[in-house]
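Listed below are the structures to be examined.
Both of the next two complexes hold chain A, though its partner changes from chain B to chain C.
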Partner chain A sequence: MLTNIQETITPKRLTDLFEKNRRLLFRDDTAVLSAIREKAFASFSKLGFPDTSLESWRLTDLQESFSRGYDYHLQPAAEVDVQKVFRCNIPHLDTAIIGQLNGWYVSKDVPLMELGNGIIMGSLAEARKKYPALVEKYYGTVANDAIDGFTALNTAFAQDGVFIYVPDDVKSPRPVQLINVIHDDRNLFLQSRNLIVVGANAKLSLVHCDDSYNHQASFSNIVTEIHVGEHALLEHYKLQNLNNNSTLVSTVCFNLEASASLESHYISLNGGLLRNNIRVLFNGPHGNANIYGIYLMDGKQHTDNQVFVDHASPDCTSNETFKGILDEHARAIFNGHVLVRRNSTKTDARQSNKNILLTDTARVNSKPFLEIYNDDVKCSHGSTTGQLDQESMFYLRQRGIGEETARMLLMFAFADEIVSKIAIPQLRQRIEDMVKKRLQGELQICEQCVLHCSSPEHPVDFKIDLGKI
Partner chain B sequence: MLLSIKNLHAGINGKEILRGVNLEVNKGEVHAIMGPNGTGKSTLASVIAGREVFDVTGGEILYQGKDLQKLSIEDRAREGIFLGFQYPVEIPGVSITNFMRTAVNEIRKFKGLDQLPAGEFLRMMEERKRLVEITSNLTNRSVNEGFSGGEKKKNEIFQMAMLEPTLAILDETDSGLDIDALRIVANGVNKLRRPDNAFVVITHYQRLLDYIVPDFVHVLFQGKIVKSGGKELALELEEKGYDWIKKEQE
Partner chain C sequence: MESEANKILDEVTQGDYKYGFVTDIDTEFAPTGLSESTIRYISAKKNEPDFMLEFRLKAYRHWLTMTQPKWAHLNIAPINFQEIIFYAAPKKKKEVSSLDEVDPELLATFNKLGISLDEQKKLAGVTSVAVDAVIDSVSVKTTFSETLSKHGIIFCSFSEAVQNHPDLVRQYMGSVVPYTDNYFAALNSAVFSDGSFCFIPKGVRCPMELSTYFRINAANTGQFERTLIVAEEGAYVSYMEGCTAPQRDENQLHAAIVEIVAMKDAEVKYSTVQNWYPGDKNGLGGIYNFVTKRGICKGSNSKISWTQVETGSAITWKYPSCILLGDNSVGEFYSVAVTNNYQQADTGTKMMHLGKNTRSTIISKGISAGNSNNSYRGLVRISKNALNSRNYSQCDSLLLGARCGAHTYPYIQVDNKSSIVEHEATTSKISEDQLFYCQQRGISAESAIGLIVNGYAKEVLKQLPMEFAVEAQKLLSISLEGSVG
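Moving on to the complex of A and B:
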């Protein structure tokens, strides 16, 4: 089924769409999931979309994005040439690949893979049917309609997406790559829903890419709910490489149990409008979360990172470091909000946002914000925005390094504080290459995904060789 | 003639600092420029290197017969001008190895030479490290990041050894150094002295000149070179202080 709504997206059109398709949407729901859906729909009907009257949306106006007009698919495309869309991965990195096309899970063989070590991964729609109790235990517990209209809408319409389950005590031997490709010859509005569960004492590395392969407009409302069990570790890499006509509202909710660790990396290389809602909940003591972000924007690109860390338990540590380089008319917003609740003693929370503006017309609004209801805490926040350091430029050029190369070197060094934190060497190398290409203005759409390689691998030829020797 | 400065006037934000400097440097020579604080010593070094915040308002600087003002900062460096910074800049995220490899190769490219293969470059680094007596593993660290004052200055000398300049200007490289670091810095300079290069050593104190023996000593005062002489001038300054010069100028 294809619903043609190539007109401005409005809450009314979506609630009508929902009502008209109730049977289809509720078809595979258990009683619990159906109640969640119904409640989310009621919330969305009441909330609608957030607008610029809300503080957290004050600087990101979606009206233009909504007005482009999109189709909405209530069923996946009948035939997908999987080989064509997802045929490669990061060189020398042995990964399990999960593909999504326009928000729908696509598979070469089975909709849900069950590996020997108990790991389950595949389609969320399938998991709801096959493992309803497992899904119900986690689904919608932290990513729910209470967050905002987008999450409510996603929860109301949620049909498919990715499900990953790593049982207790299992360390996933290889990283999992979740690739969401948006590719259609018409404008698409799409919503996918991902649920990831990392059991107690378990470990998972997850590389999550959002990519587009053409210049068609799209609007994605993607909600990812991630549960990290006690003493578990999640390494999370979110790569965004979308075309300039795309709008992405990504909401990722991390729920960290006692002594859980999260290392999250947001790497935004391209996109028309990228909105990242990053929510971390410390649901038990001694949790640790490091959230790093780098955004490299130019043209009229707009990026908005909203990081909310809820220190709801004592003895937890969080560290947010976001950095951005903005060229031309690009715009970036960073809102960090750390909430330290009354009983959360010994909280250690840091926030930092640093930006380089390459032009007079690029803009940044940065607001690191601490809300603290406990005295026994260590919290810090800071924000800087400036140009490339002229002293450093002079120093480099005085050694014979050309102006353009010196700029590249400084920009790369600035970004590298984030990129160097990537724990998987092959991935780090690949992202370094992409950052270099991006800074040189050579990262092309259609060859930009970290995983895309319809052409053979070429090492990135950077004019200045920054490779470690 | 390697460097010929004639009646140089320069300033910053409309404020004149150099008020007619004349200086001639030939290959094989070591010149010391001394003078009280705030008389334009660092400005002179910066202007030769091409620092853009300074405006040259009169006079000329010829380097190997070329008008330096027509050359960019990097082209001056590629032509062989090296400035040892008084306050070397910290550049987090750029390792010294990458920094030097980029610099060496850009200079080679300018001269029409091929890039230095990685192995050869590394050998060169090791050799120059030994030459300037750097034992610590500075080279894997980010440029100057977290370096002590002495390490920063040693790193300047190391870079000089790597780039083999024709004209090296050392801007108060001795400031803030203990005697051991001072000796290392001076030894580095002495080892790099050759008949085909020249050094301009800017210093506030005579101390450095015990180790680097200059052929000429100049006193810069109120934006002008007011006195020039041999190495004995430095000793005289040490003995009498700068008040003597000040009185003479009044």
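Moving on to the complex of A and C:
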């Protein structure tokens, strides 16, 4: 079913759409899930979309994105050839691929895979039917309608997305790769909802990619809820490589139980307007979270990272490092918020945001915010914005390296602090290459993301001008 | 050990407010409440020219359209503006020509506060300080005016300036903080009663420190003063401000405006030791301190430096800012903010870089104890044309006790590629290593804390003029007597 809302998207048009399609939306809900949906809808009706009068949306105005007009699919499009859409050509990267096309889970007859070791992965819509108790236990507990209008809207409309469950004590042998591709010849408004549960003492490595195939405008409102059990480890990679007409509001909520560990990497390479809401909740003591981010923006691209770390339990450590390089008219916003609650003693929280501006028209807003209600803490934050270090530049130039190459080397070194933290070697190599290409202006949007890039495989090198040495 | 340390902490953090006395001075009041007639009353009382009344009424009408801001990390009980007396003046203040004619009660008050209005006496025996003393709504005495006028310096109460230098007042008043700026600035512009005015002519280096001492005395009154400092080309002045109030159970409102204009090559250094009554140990009473302070570096190579030690007030809402308009101009902000018991502070600065090669430094040290909340809120904005600008910010917080809060809201906006902005901050309690080191050498826990806190705040305190630095250090130790976590 295709619903055409080719006019400016407004809360009213969406609530009408909801009311009209109640039967369809509530069709497979259990009592608990339908209550969650109903409540979220009520919240959205009240909240509407966040606007620039709200502190956390002050610098990201969505009016232009809304005004483009989109189609809304309430049912998946016709069959697609999975092999054709989802190809990953990172050499030797062995992953279990889960694909989403326009927000809908794409499978060949197997909507939900159950592996020998107990891992379940596949469509969330299917999981709701097959494992209602499991889904109910986690669904909507951390990503709830209280966050903002977008999360409420997503919860109200949530139909499909990805579900991954790693049982207690199971270590996933290979990374799981979740690819969300937007490909349609019309403008799309899409909302997908993902639920990922990593059991106690388990381990999962998750690569999550958002890509677009053509230059059609799109608006994605994606909510991902991730539960990491006691002593469990999650490595999380979020790659964003969308076209310049796309708007992405991505909300990822991590719930970390006692002694859980999170390594999260946000790599934003392209996108018209990227908004990442990253929320980490320490729900038990001794948790540890490292959140890294790199954004390389140019043109009129706009990126907005909102990182909220809630130290609700004692003895937890968190570390945020976000770095960005901005060219042309690009704009970057970083809002870090660390909340240390009254009884969260022995908290260690760090925040850092570093930016390089390459032009006088690029803009940066940075707000590393600390809110602390306890004295037994170590918290620090730092933010720097500037240009490439002149002394390093001189050092390289003096050794006969051309200006352009020297600039590239320094920018790459700047980005590499984040990229080098990627634990999967093949992925790291690939991202390094992509960053180099991006910095040289060679990574076109049409080249797509890492995962379906059709260029032949060869490492990208900086050419050092030997003639001058 | 832990409990003993806590005991000492409690003792230290519960030092009493020693300026809480009330002086019995005959005072005349404006009718309670706020309306156009109150404003007309104030203006008539002060015998103001028409342009002042118009300014006040415009501000009042604008204020009526505004609502009290809620964005600060403060919990403010609703303020009933109709219960406040907007103007209170000690009687007999007219025509004071020599010190003998000043109300002896008043003199005793200022002597008690350690502020000497006596022209013969030199503070600290080193430099002389010219003092403008403002009690409740009016300035009661300005010292050294004559010496200063030899240099062409005008230093007088705001009311006198309105009478004697209306052109200067008209030219600069509201040019840095327009009455439309914010809720409390509009309120102040409507009802301000007095304040200090200071004008340093071209090329003059003010030979002494200038100082204003603010004192709220009467009950149920609000204090609304306005300070305007103009430094012409190449001028220099160092200006100090101090404040105290009696101990009362109800909250009193203080909403002030400070405007500074620095022309080419001028330098203004503004230091504040704010010690309004902070309320008692249970958070009862205390001053609401809502202050708008802003300076503009209008000419090239000018410099404005703010230094503040904030220990008083139940609620502090204050952001001394610099607009760096002239090329190569410099803005500085040094702050120590101490909150204890149930005090709340939301303070910081704004550095607006507009000119080329402008530089700013922000050093903010927050100390919270008891049940207090202390926030740093700052904005560094480098505009597109502020090429090669530079900012360095450091805002640290020290937490003493498990029930207090320390928050940091730094806003950074950079719109060009050639500027460099650096910001760093840490939040922690007093390091156990440092404490152990001191105690191991026979220094008691209490002295050790004093030592560490003073060391922590040193960077800011050293910016204060000497007369103030001594007072500030004492204040700091009183405010924090007994603070180990």
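Keep this in mind: the second predicted complex is superposed on the first by the 449 of 469 C-alpha atoms of A that agree within 3 Å, B and C clash if a C-alpha of one lies under 4 Å from a C-alpha of the other, contacts with A are read in each partner's own complex, and residues count from 1 in each chain.
We take it that a residue touches a chain if its C-beta (ideal position, glycine included) is under 8 Å from a C-beta of that chain, and two chains touch if they have at least 3 such contacts.
Quick caveat, the model's predicted, so the values are computed rather than measured.
Asker: Since both structures carry chain A, what do chain B and chain C do when superposed there: clash or fit?
Answerer: Partners fit side by side after overlay.
Asker: In the superposed arrangement, which partner chain does A:61 touch: chain B (first), chain C (second), both, or neither?
Answerer: neither
Asker: Taking the superposition on A as described, I'd like to know which of chain B and chain C A:51 touches: first, second, both or neither.
Answerer: In the superposed model, A:51 contacts neither chain B nor chain C.
Asker: Using the touch definition from the top, say if A:365 reaches chain B (first), chain C (second), both or neither.
Answerer: After superposition on chain A, A:365 lies in contact with chain C alone.
Asker: For A:416 in the superposed arrangement: first (chain B), second (chain C), both or neither?
Answerer: In the superposition, A:416 contacts chain B only.
Asker: Which holds for A:328: it touches chain B only (first), chain C only (second), both, or neither?
Answerer: A:328: touches no partner chain.
Asker: Touching A:7 in the superposition: chain B (first), chain C (second), both, neither?
Answerer: In the superposition, A:7 touches no partner, neither chain B nor chain C.
Asker: Could you tell me the angle at the CA centre of chain A between the CA centres of chain B and chain C, given to the nearest 10 degrees?
Answerer: So the C-alpha centres give an angle of 70 degrees.
Asker: How far apart, in whole Å, are the nearest Cα atoms of chain B and chain C in the superposition?
Answerer: Taking the overlay as described at the top, chain B lies 13 Å from chain C at its nearest C-alpha.
Asker: Please report the chain A residues shared by its interface with chain B and its interface with chain C.
Answerer: none
Asker: Mind pulling up the chain C residues that touch chain A in the complex?
Answerer: Its residues touching chain A are 71, 73, 384, 387, 397, 399-429, 485.
Asker: Quick check on the complex: what are the chain A residues that touch chain C?
Answerer: 55, 342, 345, 355, 357-387
Asker: Residues of chain A touching chain B in their complex?
Answerer: Within the complex, chain A contacts chain B at residues 389-392, 394-403, 405-406, 409-410, 412-414, 416-417, 420, 464-466, 468-469.
Asker: In the complex, go through chain B and note every residue touching chain A.
Answerer: 49-53, 72-74, 76-78, 82-83, 85, 88-89, 91-95, 97-103, 105-107, 110, 118, 121-122, 142, 159, 163
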